[in-house]
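Here come two complexes built around chain A, the first alongside chain B, the second alongside chain C.
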Partner chain A sequence: MSTRDKIIYALALAAMVLLTRNIYLIARLPGELQQGAIFKIIFFHVPVAATAMFASVFSLAASVLFLITKNFKYDALAVASTEVGLAFLAANLVTGSIWARVIWGVWWAWDVRLTSALVCWLLYAGYLILRQAIEEPTQRATFAAIFSIFAFIDVPIVYLSIRLFRTQHPGPVFFTSQGSFPHDWSMILMWNMFAMMMLAAVLTLVRLREEDAQREIDSLRRMAHAF
Partner chain B sequence: MHALSLPLLVAQVSPQDVEIEMARLQRNYEFLSWGLTAAWLILVVYVLMLVSRQRKLRREIASLRAMLEERQK
Partner chain C sequence: MNFARLVFIVAAKDLRAELRTKEAVNAALAFALVILLLFSFAFDPSAETTRDIAGGLLWIVFAFAGVLVLNRSFARELANDCLDALIAAPVPAAALFLGKVLANYFLVLAVELVSLPVFGVFYNVPWTSRFWQLMLVVALGTWGLAVIGTVFSALTVNIRLREVMLPLLIYPIMIPALMGAMQLTSDLVVGKPIGPENVAWLKMLAGFDVIYTAVSLLLVETVLVG
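For the complex of A and B:
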């Protein structure tokens, strides 16, 4: 077993233990006064959103580093973190939609936060489609890196939308004086955020292994063509 | 204060109100479970996709290696 495999298994185990602990604590919490039990969805909705946002920052950094160095390891990191971030963002959109159905009475509202998050998901999905469309590896990595930088423009818009605009989506309740989230609830949310990020790190490492395998296939094919 | 106001509050609540509140709570739990199931399902489906892709890549590497060894003979 390689060192990377050992790290993957150790991280996965730690994430599972932490998630089990968090789920147990969340299940024991009382319902919120106005919203009842559905409010507990915040303990997943916010952590998956934060994880997706971190993944997009990694993707941006890796894309910029690829354009500077032309090292394909950064391209692999960019695609791995984008794909994992896309899965987490999908979970965020779905949990948000179900929460909205109970509280707002509608599955979806075209307000700035929801729309910019959907646009973000579509942009990163477009990034993955773009990669499928280009055969030549250097051209694929370069175009994808440029597209990833372009797609990241939407991320600060998603983050700031509830601060800058009046939206159907509630305003920020964390890291702000306006929020009234109890301290012990905030701690559970933070731990769940940490667990989700560990899970995302595991998935990114697994996805990176796929990219290594793909590079090996590319070199084997070149050798096969040379014969 | 709570001990005094609670019986007064209970006296004002009709059985219909209780039923409505219970239905709201039940609906809340249902939606919460749907939301959590959907979120985990997305992540599980993604993990399954990763596993199946990895298997496919391993098979492809093995077949390419076998082909190259065959050509070298």
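For the complex of A and C:
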């Protein structure tokens, strides 16, 4: 086993232990006064959203670095973090939808955050579809990086524009003066955020390893054709 | 030769090529009319409520028909390796890009200006009541469509499923511009002028155009040359 594999397994183990602890703590929390048990979804809903956001920043940075250096390491990082971010954003949308069904009575509302999250999801899904459509590795990496930059710039504009409509999504409740979220709940949320980030890091590393293997296979195939 | 002249030459070349065959413009126009016809079955076309969604309908038509024009913009250059010749020509990538944007802009605008009166007649919408303000919105919205569409037309020209990829990639990116244009158009066609309530959308639309024109000019060299 290589050092990198050992790091992946160690991180995965740590993430699992931390997640188990968090789930145990969250399960033992009492129900909230008005929402009952469903409010506990916030302990996952918010951390996965933050993780997805981190992933998008990561893929932007990797994309820009690729365009500057033309090093395929960064392209692999960009695609790995975009894919993981997309999965986390999907988890965010699904948990939000479940919560909305119970509290609002509908699965979906065309609200600022929901809509911009969905647009964001579609943009990054488009990124992956674009990659699939291009054969040539350099062209694929370059075009994907350019699209990633366009997509990243779009997200704040989408958010601002949809803000001109009214919103019904609850505002932030933790670590703010108006919020009614007790401090130890905030701590659980922070720990779960940490757990999610670790999980995302593990998944990204696994995906990176896959990408490396793929590149090796491609180069071997090219060598075989050359003879 | 200076930059503006190069832009003009590329734009003139594209417009001339299109106007001699009219393949993209005719297709886009026919397509716009077909969608306008289809909408009449989707809801009661004589109802008062039609006016509330007029902006949305119009911009969906514009965006769908516009893509047909934009798809041809770089695909037209594939025959006889014209694209390679264009890129190899002593023209900066930014000038080539801006020239193509201008040509696409006028072509899409032409399709829109024909669709607008047809829409007004079919759906009994008094779209001329705020004519110049509406023209401003159409001009700004179309510029956004032309800029984003041209970049992605260059990006998708060599890839599989080109015709599908372009709309798939540009509509999500266009959402802020389309939202602004739809809101403003809906207001303007019922005679509500641009005022303090909706001027934010106009700023958003203009901001979108400025930001994406700048980003596109910055990245187009990478798209075309690699």
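We adopt the following convention: the second predicted complex is superposed on the first by the 211 of 227 C-alpha atoms of A that agree within 3 Å, B and C clash if a C-alpha of one lies under 4 Å from a C-alpha of the other, contacts with A are read in each partner's own complex, and residues count from 1 in each chain.
By our rule, a contact is a pair of C-beta atoms (placed from the backbone, for glycine too) under 8 Å apart; a residue touches a chain by one contact, two chains touch by 3 or more.
In this text the structure is predicted, and so the values were computed from the model without any measurement.
Chemist: Does the superposition put A:Tyr74 against chain B (first), chain C (second), both, or neither?
Modeler: Neither partner.
Chemist: Taking the superposition on A as described, I'd like to know which of chain B and chain C A:Phe44 touches: first, second, both or neither.
Modeler: first
Chemist: Given the touch rule stated above, what does A:Trp185 touch, chain B (first), chain C (second), both, or neither?
Modeler: Neither: A:Trp185 stays clear of chain B and chain C.
Chemist: By the touch definition at the top of the document, which applies to A:Phe66: first (chain B), second (chain C), both, or neither?
Modeler: So A:Phe66 meets neither chain B nor chain C here.
Chemist: Which one hits more chain A residues, chain B or chain C?
Modeler: B
Chemist: With the two complexes superposed on chain A, say which partner A:Ala151 touches: chain B (first), chain C (second), both, or neither.
Modeler: The answer is second: A:Ala151 touches chain C but not chain B.
Chemist: Between chain B and chain C, whom does A:Phe58 touch in the aligned arrangement: first, second, both, or neither?
Modeler: neither
Chemist: What residues on chain C touch chain A, complex-wise?
Modeler: Going by the criterion above, the answer is residues 148, 151, 155-156, 158-161, 165, 168-169, 172-173, 175-176, 179-180, 183, 200-201, 204, 207-208, 211-212, 215, 219, 222-223, 226.
Chemist: Which stretch or stretches of chain A touch chain B in the complex?
Modeler: 31, 35-38, 40-41, 44-45, 48, 84, 87-88, 90-91, 94-95, 98-99, 101-102, 199, 203, 206-207, 209-210, 213-214, 216-217, 220-221, 223-224, 227
Chemist: Taking the complex as given, what residues does chain B use to touch chain A?
Modeler: Interface residues on chain B, with respect to chain A: 24-25, 27-29, 31-32, 34-36, 38-40, 42-43, 46-47, 50, 53-54, 57-58, 60-61, 64-65, 67-68, 71.
Chemist: Write out the stretch or stretches of chain A touching chain C in their complex.
Modeler: Residue list for chain A touching chain C: 67, 119, 122-123, 126, 129-130, 133-135, 138-139, 142-143, 146-147, 149-151, 153-154, 157-158, 160-162, 164.
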